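Submitted below is the structure of interest, expressed as structure tokens.
Labels A, B and C are assigned to the chains in the order they are written; within every chain, residues are numbered from 1.
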């Protein structure tokens, strides 16, 4: 009985040799129904073409390294099962909307700057001393921001967002979701410090609610919700009397 | 100063250093972006004495007994006192610890712990802790990150460590980064084994770097196998599943642990439970699956509400990777390589015998975990010893002599040439990196697994020697300078082949069974001869086999007893 | 001894990404989003025509000829469908956008959506009644 195979078409690009990315085709054995696109890439690298470069680490959907376009949709390659595509070929490309460094590796420095710009840490007017123990916080208070704290920084949302693709200045879904995570944390008092960045024309107001970010998010963070809620909150702060409190 | 590695221990060390001395600059060098560090996959929790009914003494005793009395007791006693402070510090930095109804940090039962002291953030504790420290570290301007920079060698001059040689993966450019103090926080080495919970990046880099610089690797034979990994992928199913009340059952539906750890049952220590499962497999009482034998981990009796509140990530993993809903079906699990108790020889403040070099986290062995680590001690360990080494390194750096440029340029030149000629300019060769790596992993699984024998270990020594020879003849297909992951794979394999020899040699020499090291030919513990740490030292690049020394375990208040649960 | 090749190595040039002009055809969600945004244009044109009509009607009831051509009715029908589609999607998303708390408990999204649609229906009836009443 013939061995089952599957075709992987992967983007190749070496800035020292290539002027533009191109697709290269590989046929590999499809030996187990549990195989994912990442397994296919690992097989190619170990047994067929050692020069294929891509990022990966945990293989369980929590580190966020392995984001790629799989047949035109941003996915974590460790969670994209080959059985969902077989027998058709699988096209694997670097994430849309980012500069390509090499093969399937994109430049994510822009996100790192944007993450820092929203000040994603607890800001307090007065630090509680360690000896005083923990801030009291209830499960209900955690539920307020829990969803937005699940972000693994995988960048699939930036890749899905046409606004970010057309305008790289846009702050972006993940950064805004993380800003909201801290704004809603009962221990944080830093909302006014974050507002200039998130309530900016390149912040939440650049978003036109396409909603694709939330569709592709592998952790259910729903960044579209975070952005729209932030729009409403910042508007109410601005318009309501006594809305602009700390 | 420098921190190599951007996981929980590394980032904690960097923050501790700049808080101790705001005028210091800390370079944080990581081969991946810090949020990718393998801390992110930790699930269960971080142990700390926070409740009034708990005591430092019980936490210390649980840890020491859990270590099969190989732990240095003074280190354990200091650790249990620092852990609660670190948990509160994490809370202040925003870590979303799960809470009790009164709003205080909650705790859950865990393996080998006599009381509930494992603080948790649902079942993604490592994820939340890593993102908390990483995002907090962004507010310190003194911490300069060098992301996706791969360290190939420690710089040593006049018997002190003065920094590292590393290359930027993006541009391929080599640089010497000098520092008056360097902390290794590079994590574990799970990828030496075929079946492991560890991610791709866990290749023991820091251990190999220290070993090559003449620092000893302590207790390398102590490799922890976690009882509950998913077959095929090796993805971790957290001990918290058992902590919340899950049952382990064999083919006959029996909770077989009643024959091994009757008083603790599913909450026994990991080494004993893993051995129990293998023993049951050998007796034919395991399930047979397409990916090997397994046992059932059953949480159906906990109910959907508890599972969704306490174990939501497990439900997600079950659905995604096994196609089951753990609310209605048992989880297939088998023992999987998970953690390295062994590591770089470091003391209570993280200092290694090499002046200017420190180590913290999983890559270090400060003497806390001995022969077997209790679950939820590792996340606390990263915080406590990350902070301790950060402060110690900062203090050392503030008084140490400056590093002079002269010999550094020559050393950088040499190292860059070494890597270029060995890999990037290599022609010919007929061995594939992937093939050698896979063989090493299979051989380690077979020869240095849960149960070891003299024959198995000797065979493994020869196999590793053969693989090392074949490694010299690898074919490198990628000569690009830009993000060359074949180069990093080759360098990592080079590290792994070297330190795997220390694991095998240490295991061969320890002719007893203690903690996670189980010898079929020496099934008893021998305190007279082996109440000592094994220290493996390099004999230099020509001889792959280490020189072994022994060092007494430090006993303070707890005399070694029989380890029964 | 040969110098390391990296001595004068500059940062390699990354390949710049550009959005393809047909990006909005590549994905069903993108297409529906573009349609939704596009509905604003014909609706704006229809409303401009309405303003013009109101102005003409102000000149005198005798001269006023409300448009009756088939083309205009067809255009109005299309605009009506667009308006309904736009309102429907917007009101459905209200459950996502609005984070309302009553007495410390978060109002579930379904309740918000039903309330919004309810208010929409009410407004339609009220405005319709007013217009028809004035027309009499």
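By definition in this document, a residue touches a chain if its C-beta (ideal position, glycine included) is under 8 Å from a C-beta of that chain, and two chains touch if they have at least 3 such contacts.
Small disclaimer: the values here were computed from a predicted structure and weren't measured.
Just list the two chains that share the greatest number of C-beta contact pairs.
A-B
From the centre of chain B, which chain's CA centre is farthest?
Computed centres place C farthest from chain B.
Report the inter-chain centroid distance for chain A and chain B in whole angstrom, where each centroid is the mean of the CA atoms.
Chain A and chain B have C-alpha centres separated by 27 Å.
Where the CA atoms of chain B average out and where those of chain C average out, how many Å apart are those spots?
Chain B and chain C have C-alpha centres separated by 54 Å.
Would you give the residues of chain B that are in contact with at least 2 other chains, written as numbers and ranges?
Within chain B, residues 170, 481-482 contact more than one other chain.
Scan chain C for residues touching two or more other chains and write them down.
Only 12 qualify.
Which chain A residues sit where two or more other chains touch them?
As it turns out, chain A has residues touching two or more other chains at 15-16, 101.
Provide the residue numbers of chain A that touch chain B in the complex, in ascending order.
Those residues of chain A that touch chain B are 14-17, 32, 34, 45-47, 49-51, 53-65, 79, 101-103, 105, 108, 112, 115-116, 119-122, 127-128, 130, 133-139, 142, 145-146, 149-150, 152-153, 178, 182, 185, 187-188.
For chain A, which residues count as touching chain C in their complex?
13, 15-16, 20-21, 72, 96-101, 107, 140, 162, 165-166, 208-212, 215, 222, 224-225, 228-229, 231-233
For chain C, which residues are in contact with chain A within the complex?
Within the complex, chain C touches chain A at residues 12-17, 19, 23-24, 26-27, 29-30, 33, 37, 93, 96-99, 104.
Across the complex, what residues on chain B touch chain C?
167, 170-174, 413, 416-417, 420, 424, 481-482
Touching residues of chain C toward chain B in the complex: what are they?
Listed in rising order, the residues are 1-6, 9-12.
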